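Paired with subunit B in one complex and with subunit C in the other, subunit A is shared by the two complexes that follow.
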Partner chain A sequence: MYDIKALYEAESIEHAVQLLTEHPGAQIIAGGSDVLVQIREGRRAGAELVSIYGLDEMRGVSLDEEGAVRIGSLTSFSHITRDPIIQKYIRVLGEAVDMVGGPQIRNIGTIGGNTCNGVTSADSASTLFAWDAVIELTGPEGVRRLPIHEFYIKAGVVDLRPGELQTAVIIPRKSFAGYQGHYIKYAMREAMDIAAMGCSVNVKLTPDKSRVEEARIAYGVAGPVPMRAHSAEQAAKGRAVSEETCRIFAQAVLEDIRPRDSWRASRALREHIAVVLAERAFKEAVRRCGGETDEQTV
Partner chain B sequence: MSRQYKLVSCTINGKQAEKMVDVRASLTDMLRDDFRLTSVKKGCEVGECGACNVIIDGECFNSCIYLAIWADGKEILTLEGLAGPDGELSDIQQAFIDETAVQCGFCTPGFIMSAAALLNAGREFTDDEIRRQMSGHLCRCTGYENIFRAVKKTMLRRLGKEKEAEEV
Partner chain C sequence: MYVGKSVTRTDAYDKVTGRTRYTDDLCDRGAYTARVLHASIAHGRVVSIDISEAEKIPGVVRIFTCFDVKEKHYFPTAGHPWSTDPEHQDVADRLVLTEEVRFYGDDIAAVVAEDEVSAAQALRAIKTEYEEYSFVLDVQEAVKEGAPQIHKDYPGNILKHTTIRKGNYEEAVKEPGLVRVEGWYETPAVQHCHIENFICYAQMEGERITVTASTQIPHIVRRVVGQALGIDWGRVRVIKPYIGGGFGNKQDVLYEPLCAWLSMKLGGHLVKLNVSREETFVCNRVRHAIRSHIISWVRPDGTYAARKLEAYSDQGAYASHGHSIAAKGAGAFPQLYPCENIEVDAYTVFTNKPVGGAMRGYGIPQAMWAAECHTDEVAARMGMDPVAFRRKNLMPKGYKDPFSKNELYYDSFNQCLDKAMEAIGYERKYKEYQNQTGMIRKGIGVSVFWYNTAVWPISLETSSCRMVLNQDGSVQVQLGETEIGQGADTAFAQMTADALGVLLKDVHVVSCQDTDVTPFGTGAYASRQTYTAGCAIRQTASLLKERILTYARDLTRMPVYNLDIKEGNIVRITDGRILMTLGELSSEALYSMTNSQHLTAESTAQIKSNAYSFGCTIAEVEVDIPMCRVKLLDIVNAHDAGTLINPALAEAQVHGGMSMGIGFGLSERLLFDEKTGRTLNGSLLDYKLSTFMDHPRLKAVFVENPEPTGAFGTKALGEPPVCSVAPAIRNAVYQATGAAVNEAPLNPHNLFLKFSEEGLLPD
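Let's turn to the complex of A and B:
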């Protein structure tokens, strides 16, 4: 038995908002792979829960009227990976969430839970940052949308106001049209591990594949919350597709990131890894775009 | 607050089942305590070891981090549901015995349910894919190689590749 004080099951999004308003101290439980573990560990023992797991209206991936990719917040990692829309437009997101935990965890874990945790190591987060994802929140005042970098406030804290729940993650069309990306998770084990660092890069090349029109890069575990490396993005913008551009891009990330020492990895190791991952992910993203940096991978 | 209960109706191993469950119960609690399905093991109880793995609507879940109330309306399959009507072992269970993929046996039911989900896909997986599909389980006895062999052989046999299965 879990140490749960009370549990309320939401029957619709409106009902969830109502329950959250009536029980301001309650914790939302989606798939539960974090919340239940925290209850077991004692960190959330005696919690009041509002379960939204049964809300099928918050599952699935679709293209909205503006051509944006809309991912219902309760969509599981494995369903995102298998989804044809994701495979077609944002393949790297499907690949990134396929690195979470193990197979059973990917069947229960949700993209909404992964982002609402506010954890920097979340495998979906760096890729969502790198693709300028928009978070949709539904609350007593209706629906509001905000860029993902504004949603993350600090480690473990996101902009989820009283009575609100996250209902969707949206990737605008202009974020993915013409872009290809690559995500690398650096961890000690192949499964059931948390990233020591995660790096997601996506690029758009000029039509003749000779220049970088735009490059975007985001990290998990390079700071207290997932973050973009804007200096690197600026450094690569407009440059020729080459080994040199790749090196300049990768070195520039050090101006942006601020990793710390932890038992998982030291600051020095993380800084080293950040540059290597940027280089490798950039090359792969360029290759997926149909471009080629002159020399082969280091 | 007084105890809170919910009526859960689901299908367990092909049979319709109904039970009033405590909202605090995990699906492991429900399957073991209310239905005596003790193949569902309590291992780590935080979703890391896979000993409590069951199939729900065709997908694998660690039942220790799955609330029992969520089982309402679902179709659940545990290891007990793999055996025939008179308790005959299924091919994958027999393969675990033949390949000595079982030592202490605690991780075995969970592993076999992941194998069952893989086999149900009805296609051939590469060695890497098999290892990945089975990666949500910890075994402290076998070193995994015999488990891998049992799964691969059964997969090939089901696809009619008896000769390839012998060579694994």
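Let's turn to the complex of A and C:
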């Protein structure tokens, strides 16, 4: 039994915006795998809910006219993982969201919910940061788009204005064309867990596969919100594909990340793991690009 | 014959189709919902509780606080048989609601409402004022002078201290040439995490109160509810339906007394108390965290000259099962590796933490962690192979314990080691994994375990059984021993069918215990169900058979000694002819106009023996050193549990225990906030119960040496499978890395600390 004051079901995006405007305190609910848990814990007890779960126009993955990948915010994790466009262009995102919770959660949980929840540990978020994803928001004023790093304001808070809902997550073509990525979730068990740290790397090599043209790396749980490690990205840019580059890249992340010291993991453990993850994810991304680092895996 | 066959569980179809009804399914929808208000300080006194806002919430029926408990009936909670000797009675230190707060989560008030939502709202609206005392969370801090005192009758917070002395340790260590090996070993508080949280409901009928509860121990619950309410025990009726697991947490009286008290306060209205998962972690019971210190003195030939153990068991805030856990573990120490000179000191110490109670293994998983981590360190120091070292020192065949009178009748340890080693390919892997240098390494480790079936002679062992013959020759069987998911009912049915000579389909085990009608028994614990119930079943079947055959004599005009019951027929032994079916006899007996009889039998078996149940685990791991992670590649448990009543169920039981051991070894621990005493990770998200994905394929192998003291050659298998898993994993990591991780679990937190200390991590 849940302590819910009222539930309004939106019939269209416009209707959702209208309901949210009419009920300014209302909480949006999609799959409910976060919101219902929060209600049960008392954190959102007595909430008014606007359900957008029935809005099929917000489901599915497509390529838009500019060749960008557009993911409707209500697309479930399991649909993302199995989607042919995702598998072809941004396979790593499919792999990352396949590590969320367990099968039931991946069937009900949505990428929009995962990002709007604003938590640093969301498995989709670090990969979306690494791909320079763009968030599409629809509200009373119409549609606006903003880079995902601007969408996250602080822990648990995203830039969702009154009456607004997130309608899509967009990965621009320039972000993924020629890139390959790899995501590593570091958790305390193999399933049903949140990331103690998540690390997503994508890499573009020079056509001869000998140099790193560009590398991007983003973390979950390395700070209050998902974050990029720009020092590492700069350090790798233009360098030869080599074991040494892997190490330089990985060590450089320490200049950017600022993980918390908590009972869930010490700062020292998180920093240590951040470097190991960076190195391994970078190496795998390079391998997926067809590059070869010399020695065996550390 | 059915014993020894993997027959289908009696409850299999109902459970997989969802037809089985558990406590919550049975409770009438008109029940009030009760929720407990838990203290938000670790130690202190409730000064006031303001319920004025909470009472106004629609749907709230009544709110009771600790100040409403006028008659203070202190009660014990341990699911032990009662002792008529006051010296041996469990400590009565609980009240249904308490003003004195002894841990963060203690029960200080209860809301009764028409539904869960209003109950939850009311809980949030209650304001409590406390007088706070200083608190203590660590056992060794708690025994220091000046530490906060948790119970006035237990100075120094020591609930109990027991010793075992054998030979002369002080003299023995002077022997020249001895190698001294010393270590500290620690296991954390963990929780049972049974699927069904504790739940109960209570209502009155006349002057009597009925409590239906998810419990392992209905007859004990009846006694304790009587004690807690200060009413005659006969006025209490306890019903135990199917339960979704207990693992010892429900071998304790949890909220049955409070629920019954609330119902009484409300004129006997039906009240349901359904504990949340979060409360289960904090406000039920946990496995005692135990810190052990072992010193061994070893001769150059690899034998022990003298050994010493000090164990500190963390009781938490209330006595519950108390010192029994530490004592059982301590008792194993001198027996597992017998040695002439032994000193054991076991302390059970109160702290301001959640309460330690019974949990599968009852002190043995903690004791084996200490003993078997230590064994590998001793073997390494002596330059000996860990298996060879064990074989040299383990309890030998023919060993007799002077206290329990237990005897090891077989060469169980060596047989189990042989079987397990073969099943996993130990010899080859052990050689292959020696002296690795990479960052990802493999290892294989062994641990044995000691376990004792049932509780004699420390406590009462009794089992009562009733068998009732139906018109069709089928039989109803009732026992006080409970089905808690382990398959007891199926084993009981198999044993009854064989003992009585009827077909399995004609045995109807009454699964539900109802203290108004079920014969007295103390319930499911100590891995005793099959062993003790087997004795009662065999004895009662023999009585019923005698009555049946006596009746058959009149119908067949054959002497009783020439008659037998086979496959549900009355058979003449001399020529094997079937004279009549049991159904024909039974119908005649019930409806006879001249000699009507209800053919039943009931008897109590008192069991004055128990049985060693030994075995081992071998685990193979891959250690990713930079990632501070252990991956379990392969694992096998070998058990000598005597004759297996149902091999498929036995295997499933071992799998379940191994799974629990994997969590204990790799990921599970409860964490407490040093600043407040609050449990930090009391949820299934933050408490890292292991998942299927963390398990390799689990292997179980058996050595079936028939146990001569039991009715069907069987002995303990309920708890043993968990006992040796964690140290085997730890020893595998030890082989792989040389890092002796002595604090469980081997999670990334502990591995990171250890690997850093050992210089294993790359810069």
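Here are a few things to note about the model shown:
One rule holds for everything that comes next: the second predicted complex is superposed on the first by the 298 of 298 C-alpha atoms of A that agree within 3 Å, B and C clash if a C-alpha of one lies under 4 Å from a C-alpha of the other, contacts with A are read in each partner's own complex, and residues count from 1 in each chain.
Methods note: contacts are C-beta pairs under 8 Å (C-beta built on N, C-alpha and C of every residue); 3 or more make two chains touch, one makes a residue touch a chain.
For clarity, every value in this text was computed on a predicted model and none was experimentally measured.
Contact with neither subunit B nor subunit C is seen for A:A240 once the two complexes are overlaid on the shared chain.
Applying the stated contact rule after C-alpha superposition, one finds that A:I108 touches subunit B and leaves subunit C untouched. By the touch criterion defined above, A:G54 reaches subunit B but does not reach subunit C.
When the two complexes are overlaid on their common chain A, residue A:H272 makes contact with subunit C while staying clear of subunit B. Of the two partner chains, subunit B and subunit C are each touched by A:Y2.
In the superposed pair of complexes, A:A177 makes contact with neither subunit B nor subunit C.
Of the two partner chains, both subunit B and subunit C are touched by A:M192. Judged by the touch definition given at the top, the superposed model places A:G32 against subunit B, while subunit C stays out of reach. Once the two complexes are overlaid on the shared chain, A:I153 sits clear of subunit B and of subunit C alike.
On subunit A, the patch touched by subunit B and the patch touched by subunit C overlap at residues 1-3, 190-192.
Within the complex formed with subunit C, the residues of subunit A that make contact are 1-3, 42, 45-46, 186, 188-194, 196, 263-266, 268-269, 272-273, 276, 297-298.
Considering their complex, residues 115-117, 120-121, 124, 439-440, 626-628, 667, 671, 673, 680-681, 684-686, 688-694, 747-749, 752, 756, 761-762 of subunit C touch subunit A. Residues 1-7, 9, 29, 32-33, 36-37, 40-41, 51, 53-54, 78, 101-105, 107-108, 190-192 of subunit A are the ones touching subunit B in the complex. Subunit B contributes residues 1, 4, 6, 22-26, 29, 45-48, 50, 53, 59-62, 65-67, 69-70, 114, 132-137 to its touches with subunit A in the complex.
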